[in-house]
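Letters A, B, C and D mark the chains in the order given here, with residues in each chain numbered from 1 onward.
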Amino acid sequence: MIGLLVGAPLLGAAVLLCGGRRLDRAGHWLACLLSGASFVIGVLFFLDMLGRSGDDRSLHSHLWSWVPVEGFQADVAFQLDQLSMTFVLLITGVGTLIHIYSVGYMEHDPRRRRFFGYLNLFLAAMLLLVLADNYLLLYVGWEGVGLASYLLIGFWQDKPSAAAAAKKAFLVNRVGDAGLAIAIFLMFTTFGSFAFAPVLSSATDASEGKLTAVGLMLLLAACGKSAQVPLQSWLGDAMEGPTPVSALIHAATMVTAGVYLITRSGAIFNAAPDAQTVVVVVGAVTLLFGAIVGCAKDDIKKALAGSTMSQIGYMILAAGLGPIGYAFAIMHLVTHGFFKAGLFLGAGSVMHGMNDEVNMRHYGGLRKHMPVTFVTFGLGYLAIIGFPGLSGFFSKDQIIEAAFAKGGTQGWILGAVTLLGAAITAYYMTRVMAMTFFGEKRWKPDAEGNEPHPHESPRSMTIPMVVLAFGSVFAGGLFKFNESFVNWLEPVTQFEHGHSPLSATAVTSATVVALVIGVGAAWLQYGRRTVPSVAPRGSLLTRAARRDLLQDDFNHIVLVNGGTYLTRSLVYADNKVVDGAVNGTAATFGGLSGRLRRLQNGFARSYAVSMFGGAAVLIAATLLMRAV
Amino acid sequence: MSFPLLTVTALVPAVGAVATAAVPAAKRTAAKWLALLFSLATLVLAAVVLAGFDPGGDRYQMTESRAWIADFGVRYELGVDGIGAVMIALTALLIPFVIGAGWNDADADEDADGAAGSGAPGGGGPAAGGVKSRWRPTQGFFALILAVEAMVVISFAATDVFLFYIFFEAMLIPMYFLIGGFGDKAHAAGEEEGAKQRSYAAVKFLLYNLAGGLIMLAAVIGLYVASADQLGEGTFSLQQLTQARASGDFSLADNTERLLFLGFFLAFAVKAPLWPLHTWLPNAMGEATAPVAVLITAVVDKVGTFAMLRFCLGLFPGASQWATPVVIVLALISIIYGALLAVGQRDIKRLVAYASISHFGFIVLGIFAMTSQGQGGATLYMVFHGISTAALMLVAGFLISRRGSRLIADYGGVQKVAPVLAGTFLVGGLATLSLPGLAPFISEFLVLAGTFSRYPVAGIVATAGIILAALYVLLLYQRTMTGPVEKPEIRRMPDLKVRELAVVTPLIALLVVLGLFPKPLTQIVNPAVEHTMSDVQKKDPKPQHPVADHGWFDYKPAKHSGGDHE
Amino acid sequence: MNTLAATSTSTGEAVQFWVLGTVAVLGGLGTVLMRRAVHSALCLAATMIILAMFYLANGAYFLGVVQIVVYTGAVMMLFLFVLMLVGVSAADSLKETLKGQRWLALGCALGLGILLIAGIGQASVGSFTGLGAANAEGNVPALATLLFTKYVVAFEVVGALLTVAAVGATLLTHRERIEKTKSQREQAEERVRGGKQLPPLPAPGVYARHNAVDRPGLLPDGTPAAISVSSTLRERGQIREVSTEQMASLAALEQRTAEYHGQPTTPQGPTAEAEGDSAPEPEEAAK
Amino acid sequence: MSPINYVYLAALLFTIGASGVLVRRNAIVVFMSIELMLNAANLTLVAFSRMHGNLDGQVMAFFVMVVAAAEVVVGLAIIVMLYRSRHSASVDDASLMKL
């Protein structure tokens, strides 16, 4: 049965991608249907699970033995516990909504069938990732989502920038994948297995050094998939893909896979405090990094991408805190899934109405033209900045509290960073909001003289936005109510109450203060003043942030240029040195034989001399042999 | 003696080669169908071999043994273990696709002869141009392919070292003509330069392999002498030698064993090819037509890696272990070096060739890691690499035949005009970069895991290879398939035809099916790997903290006492 | 000699060996060193005859006779025939043309000789059996018995070889006449077309003192006409030069005759032109 | 005197013949030198035949003579051919047998 969860979208992908043009007309509805079916099955499982007690909720289904090699047992087997269930519902739920949204968004694209095929493929891979009962199968899903992401980012392949972005995303992810692969090897050599159950239950047997190595490798994998520093560079470029893709893959689901991985491998991280520290550091750095980048971008999707990076930084940080943070990481993940998907869909809706213009400096005053989008986007905005009462408030507040609860200097630093992050979040989101929906209209006719006529998007697009807005508003409260979410996850992730040096009220107040400061600053800068149509030069930090804090430049100079130089010189060396050595040998023999050839002068008497000389030598040799 | 199945399996393509060659010049199409028919018959026989192989039975099955050159103890001995059976099946499987993909490849030569008469620049092959009635390119092309198949099958089945050697070397002859005689007419510098490059490539191929082979001949003779010294009667029989070694009658002095090992290994390392003996492969694969390139890398070169497993490890276990560190370093260099060079290539086919060098590095790494995962993975790798490279290379061949150029820069935006071609190309590429879910992933992962468990550093370095693999495949795809359509030749490019689809689809289906369900293969391969492991007297390293065989339901996370949330 | 083993031969044989052996070696040297092939051949024949004697001395009576009949008689005659075809009296230049060949040859020959002699010295035996028993019923019957029993196959093969050699030699030297024989008219036309000498060739040796065939005749102006000498001689370079004194005396004779007839004398004599004109100047005139 | 002296003599003659082959350019003289070498070999055979007391050596010598005769016939025919085509009997003139 669990297989059906994965099977339904997989079937959709197979049918749509192999089916040919016949499916052009109805293919997208088939995709929505299968995605919805997967969601319904997920809900059925969820209801079934609720009917059982906490410790008894895990389901397991063994399909077939996959790679049976001596000492190496990998099975295709699924495991559905509370953690997976959470993801299944998020993935299929948001996924289905975005499928429906895409029907409208991609209406005029001739390759819509293929788009839906890829979306279904993504769902299948993502579900496989969260349902796998061992790391190897997880790895399949892990790369599967990478592939889907590659295909979808590069969906508009005739744009060279899209193709390049897709390749970049896949490559950077591959670096992370290599980390995951090495982690699996380490588990295999340490435990002789890489299924969750045996490895996690005996994790404490292994030495801490091993576990730290495993943990760091898993973190590398998580960094790749979740766009954390230092492997974050692909996420901004990934915005080349269609907006629903950005919403689903690069905001709500795939990029959170890293958080899932770390939470799932909690037992390993718990036993390797050093690795945990690194996780926390990575989370904290990315949190600020993404937020700063988000402040500087004028492209609405890239600003949101920076935000995504930053929010996942929060999650990773929470996951790095250990049992006091896992549940909050996942909780933030779910609420983020709602509001960030909603924000992206809103951005897509804006672009839809603005002839695919992405520069916020050319928006302005759209609230009158797109009321539904404005309201849903606004609710998402309030949720993400952590407006009290909305879902972001609950989940983020918990994380900040847990950060303080880490204890010691670390706790204070982390707490301060998360608070600072909250303030910057409020700042950049207010900036987005103000530049897009408030102020004067700033759009102009484009090069062909078409002036955009902002209009509300069709029903198929607005409904998913409304649904997600509901989620953004209420999910947090629901989860927080009676600690229901924490209790739900506790059997899998364990939970430990952090003891914060500050009282919960103090933390909440601090958060609210940070929020007010951020919103106020942005409002002063962008809400009250007119926004210039052309970006001002800005401070050094702004300029650096616009260029992703120079990370891309670093990559370009060190990796791309260096790599190009390396490969060029190797190609040269292969021709000249390796092949040259062989050719040189050949030439030497050629020259030698050219010399020897002169002995063949055609004079019979010369040959006779060699003959007699040879005979003499033979006789001499015989005599010598006899003498010896 | 029962029905000589293996002999017949090799004989069918041999007969097919003769029959195809004998078809009159005018009936080209008949020759093609005849060749396809014979290759399919071979496939059926190979399937029977695979089906008839009993994984629980003897090490070598379907054995045949007849005296051949009695004076030197040379016997006609055939027999397959699991690895051999699988490799024969791979060979028989790929040849029909090679024939199908090369359906029209030789016609160009035919037409060139007809049109240009005496001055035809058509190929550096034997007697190009002029004597049309004698030189029948189509018949020759398919007959040579079948001849190669027959020899490869015998090589995989031979358990007599001398017999193996003969066919190992004889294979070079048809391959030489296939490389030198038929090209894809897509050389950047014109056809004349192309013909020159082609004959250069063919000669290079021949010289490299011949040099390796001759050194091996010396070692073969050395082995015979050593066995004659110790057993009283010289023998080349692998089974006899292994048995004698097991019973202690036959043991080589360290130095002798090492020298003999080197002799064998060098020949196989040229064939495989291992860095730094690899430079013939890009030339050969670049100049030959795509089907022939597939034949080289997916079939013929596999004999090299297969022989390392069967002969190097089987005959010289001590020396193999002695050489392991060096071989592993060479394999690692091959992996990284091949991948880096693939990134730097401008020519599609040479790119695939360098990718293959990288992959052969993985195979050798798996073999010499001397763990059951590594060797099992290496064997699977041979099969899966054969299929995946065939898929990628054949589609690349279709692409090249449409545009008449091998340079990556001449493409761009193909995806828009020929989506099916681009899609299949992408799948082939993804298989090459070992995407999970496709077959090569399993083998690569096994090799890496097997290597890592004994040599962690080597495992990590090799893992870097998978990142580079993604780089070269995606760069190739990006440059050829994506982007705007700018060139008029590409705007007119047709999508895959039915014949081409018929060639590619089964390969892709196989990649997917074997990627999800490789069990039938692993079952056959596993016992053979165990035998090899016992030959070299190596045991898998034990995990430091082996886990009990937990079922999932046994797992309950430890309760933390500090949880006061309830 | 009836003893089965002896250590030395009779003194007579020893004397014969030393004397004839010396001659044989001289003959061998002569063969190699003589400049004229005919002399070489004669030296070789001498050596062969001596070898025949040695065969006889060694109890190989049949072979001794065969040596004389076949070798000295037939083979050497063949050599001489060929020599005559090619040119009997042309002497070879002994100047070496190949660089270093002579030194190499010397080295090889010396080395080979020394090594051979050293080898024999190593293997030298004190006693020998002698052919007394083997030749008991006569050398020829004994040899015949061996030839027609033990070696009969080889004998037949050698016979076949001889036949084949004979046929082969015939084939080699035989020139098949493949074109139609030319008629006299055709020959004449060809001659005219080729600008060859049309009238009969001048006769040689008009003013010769001795064997006049190898002396060119003189043209009316007094110059010698090389064309008058047979082409074979010309090819071998065996034309005798008409010496200057002779030319001078010839001129004097002409002078006298003219005076006698009271004719005016020609101011230029043939002498001046004889030097420049005596066409194919033989490399080495015979003395 | 020991009959081994005949063998020494034969060695001497053989060497002389060999040097003749190497030094002389006239094909006929070269041929004669070869004959000299063959004769030297024959002398050895005959001498050994006597020393061993059986006639096999003489039979061999006989065969050598016959083969030599055959060889002379063919060889001289070749020389004649050569002379006809090149108007020279020098072995150095036939030097086209090279690369």
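By our rule, a residue touches a chain if its C-beta (ideal position, glycine included) is under 8 Å from a C-beta of that chain, and two chains touch if they have at least 3 such contacts.
Everything numeric here is computed off the predicted structure, so don't read it as measured data.
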item	value
Middle chain, criterion being Cα centroid separation	B
Reference chain C; chain at largest CA-centroid distance	A
Computed distance of Cα centres, chain D from chain C, in Å	16
Where chain A and chain B are represented by their mean Cα positions, the distance between them in whole Å	36
Between chain A and chain D, centroid-to-centroid distance (C-alpha), Å	93
Computed distance of Cα centres, chain C from chain A, in Å	103
Residues within chain A bordering two or more other chains	603, 605, 609, 612
In chain B, residues with contacts to at least two other chains	none
Per-residue overlap in chain D, given as positions that touch at least 2 other chains	18, 22-23, 25, 92
Chains touching one another, given as label pairs in label order	A-B, A-C, A-D, C-D
Contact footprint of chain A on chain D as seen in their complex	18, 21-23, 25, 91-92, 94-99
List of chain D residues in touch with chain C within their complex	1-9, 11-20, 22-26, 28-29, 31-33, 35-36, 39, 42-43, 46-47, 49-56, 58-59, 61-63, 65-74, 76-81, 83, 87, 89, 92
Of all residues in chain A, those that touch chain B in their complex	17, 55, 58, 60, 64-72, 76-77, 79, 133, 136, 139-140, 142-144, 147, 150, 154, 157-160, 162-164, 166-167, 170-171, 174-175, 177-178, 181-182, 184-186, 188-193, 195-202, 205-207, 210, 267, 323, 483, 486-487, 490-497, 563, 566-568, 570-571, 574, 578-579, 581-582, 586
Interfacial residue positions of chain A with respect to chain D in the complex	597, 600-605, 608-609, 612
Chain C partner contacts - residues on chain A that touch it in the complex	603, 605-606, 609, 612-613, 615-616, 619-620, 622-623, 626
